[in-house]
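Data block below; observations after.
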Amino acid sequence: MSRVVSWDLPEPAVARRQPFRFGYEVLRGIAQVDFMPNAACGVFFFAALFAAGWQYGLYGLLGTVAGTAAAYGLGVDKERIGAGLEGFNGCLVAVAFAVFLGPGHASTWALALGGALVSAVVTGALVNLLRPWSMPTFTLPFCLIASVMTIAAPGFPRVWHEGSALSALPRSAAGSPALDWDGIGHAFFANVGQIFLMPQWYVGLLFLLGIFVADLVAGLTACLGSVVGIVTAWALGAPASGVTEGLLGYNAVLVAMALGAVFLDRGAWSLGYAAVGAAASTVLTVAVTSFFAPFGGHTLTWPYILTTLFFLAAVPSFPRLRRS
Amino acid sequence: MSRVVSWDLPEPAVARRQPFRFGYEVLRGIAQVDFMPNAACGVFFFAALFAAGWQYGLYGLLGTVAGTAAAYGLGVDKERIGAGLEGFNGCLVAVAFAVFLGPGHASTWALALGGALVSAVVTGALVNLLRPWSMPTFTLPFCLIASVMTIAAPGFPRVWHEGSALSALPRSAAGSPALDWDGIGHAFFANVGQIFLMPQWYVGLLFLLGIFVADLVAGLTACLGSVVGIVTAWALGAPASGVTEGLLGYNAVLVAMALGAVFLDRGAWSLGYAAVGAAASTVLTVAVTSFFAPFGGHTLTWPYILTTLFFLAAVPSFPRLRRS
Amino acid sequence: MSRVVSWDLPEPAVARRQPFRFGYEVLRGIAQVDFMPNAACGVFFFAALFAAGWQYGLYGLLGTVAGTAAAYGLGVDKERIGAGLEGFNGCLVAVAFAVFLGPGHASTWALALGGALVSAVVTGALVNLLRPWSMPTFTLPFCLIASVMTIAAPGFPRVWHEGSALSALPRSAAGSPALDWDGIGHAFFANVGQIFLMPQWYVGLLFLLGIFVADLVAGLTACLGSVVGIVTAWALGAPASGVTEGLLGYNAVLVAMALGAVFLDRGAWSLGYAAVGAAASTVLTVAVTSFFAPFGGHTLTWPYILTTLFFLAAVPSFPRLRRS
């Protein structure tokens, strides 16, 4: 990254000692969901989760702590842990289990813990599986574990309390695509909040503030992604209800940040590339939602992963772009 | 390739200058759908598309031009562009959008253009992703983009004008497998035409003539693939209606050409290998069709890609076969 | 493998000559389904198949012989054939076709032979495709071919004699998870038998005896996997009917053996790792079953393959574990 404008929590000398260091790693862990190895950003992110519901905040904490601790237990490279790269999938796994299985059940707490531990194994596997292409693991561990769990859960009555299995054949969308200013504003922030599966606009605002604190350019790129997601969905005629809830744009935010601010040298070419990727991921979001319809319909961040994987893999073929 | 019997358009000196060179690249681009880096073959292919419907011809032209131009814009290796390897997926994407979304809508033209541009990115990605196995990209960019678009389209009312989403659970086939000579003849040519999603026998004939003009052996191998596809489908009892339309044999044509004439040293062993692959791809065609049934049922050339990928990947294990 | 406690058939001097050597290779071929390159184990395995039904025994024999012979015909490395690594997928393919298409039809015999031959090609492909990660092919060739065939079969009336296509949307499980001692005992052995798609407890017992004869530690690890599978399924509340038939635990048996006794250095850490993997594969089993529900619902050993692939790929990240 060139010329990052950022601010982080001052790291006192004690932070070099456990358990202070562990606390910093957990804060960076949650911040890494949006690519920010930044403890101050993590404070905002935890605040956002607790604002959405205290239980979600606790689940996020449990998942980040469990993922990071499992990495220690398995002897993972300290540098990866220090950057927060071992905590963010555990965080998302735990929050997703709370959202999809119900946060109030003892079984959900147990599964969230188990899922976060397994996410350390899956992360370790993907680091090696993706090595031939020097590709990061994105949120793949989260998506793999949360997809498997949400598809399997209706088969396990002791952990499934939601009644029928939500299976359905995909069907044509219906509903007006017309957006008013209120809907646009809601969509703009919800696109950031849905990365953590949260639809409230003020939760999205807190996440966005955290990104801006960590990295000004990354924050602006996230805004660009949100706008591209809204415009693409509207232009193709997606019903306004889904757009307003942020369901069509959260992948565009992640793709824009990944291509425009994180994994490529920053500049006009990578920004244009990021905008094309964000638009493509909006189409892919609807395709993935249809694909998962017979299996409970949880899209997660699969569209972001697939889009970014392909757009990053193409970079060596295009001399105008360069991996940072 | 050993001893290729072929003829191509004479390349005048002006062809070394733009825009003449670009014209040759577009002709080779459409011809590469059937592996032929041959401008004369491309003339036949465009004639076939226009014979199927003038709009399909224009869509094919738009897609090939857009894919090739995007590759120039992104600075892709000139040798790949010159061989037509950057145009054929754009061509197929545009034609598929016309077939599945309706050729007469402004939205379809816009999406065809966008899809052809994105196909340049996906092609660039697959070149790198498949490098560890020195594997070509086949029609993977086309299949990925067309599958995503056809699955997503019913979710976007502004671009979807076909009513209900065509989703269904797969069900057992019904109908007599008995073929008369008329049906066999129709199937034989339709198997070639369906590579471009066109069911008319005379369109398939024009495509086949183009292949023969470019490469006699490749043309004969395409005929072999078509026969193997018909025999396999008939022997397993597939209803005659689908066989006659070419829906069960177009993958067999592509597999036979790929293994028997293009990617392996030509000879008796590779021809036998190609016949086994063509038969396997016919079974796979029905499996892939069932797999996509809940999502609109577009099989595309996935069975060809998967069969050829596995049969090519196995070659280093078998001393009797060799990559050309 | 360190300190393997095992016994095998004495290999007389004649075994170094064909066709005696071929007989040993076929016995090792069927034994390799459970990782045992051991002819005595193969005798037990064939006995188990014949005990389940004489036709299943013959199908198993046909498949192992065809797969091994195809490898000879294609010139595969002799060392792989000698270890039985070219026969076990053919064996499983043939048995699966008998179970899913009906053992008494001439079409099933023909397809079983064809499937076993193609399994040699798919095995050759996967050896090369998985080389960048030095990963074994597991039962991937079997799963690929059997999934394709069972999904395609209802589209081919001449080979499909089972009526409707068995397609259904996944739905919530119902039924008590309570297990009595009789059910636990049945599940314990059926978990081993279902690896070959056989639900009878005495068939599972014969398979287990074969493993113990070949390798005492592997046999104990298989027992551990079976117990972990039963406990996990019960704890999550899976209906007892499926657990008793072994449908939720056969992947756990394979995962436990793969991670605890075959591919990693044996010890306490790998045994714990194997137990976590076995539990994860039990959840994955239910997810994969739901995933295949619209396509006929055959889970095969996909959950074992996916779990072991990820858990093995992660090993280089964890200094406490080592590939053997």
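Order of writing sets the chain letters: A, B and C. Residues in each chain are counted from 1.
FYI, contacts are C-beta pairs under 8 Å (C-beta built on N, C-alpha and C of every residue); 3 or more make two chains touch, one makes a residue touch a chain.
Note that this is a predicted model, so its numbers are computed, not measured.
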*Note whether the interface between chain B and chain C is symmetric in residue numbering, meaning over half of all numbers used appear on both sides, and answer same or different.*
different
_Superposing rotation of chain A relative to chain C, computed on C-alpha atoms, to nearest 5°_ = 120
*asked:* Quick check: how many Å separate the C-alpha centres of chain B and chain C?
replied: 36
*Mind pulling the residue numbers of chain C that touch at least two other chains?*
132, 169, 294
*Using the touch rule from the top, collect the residues of chain B that touch chain A in their complex.*
74-77, 114, 117-118, 121-129, 132, 147-149, 151-152, 154-160, 163-165, 167-169, 294-295
*Mind pulling up the chain C residues that touch chain A in the complex?*
132-133, 169-174, 177, 235-239, 276, 279-280, 283-287, 289-291, 293-294, 309-320
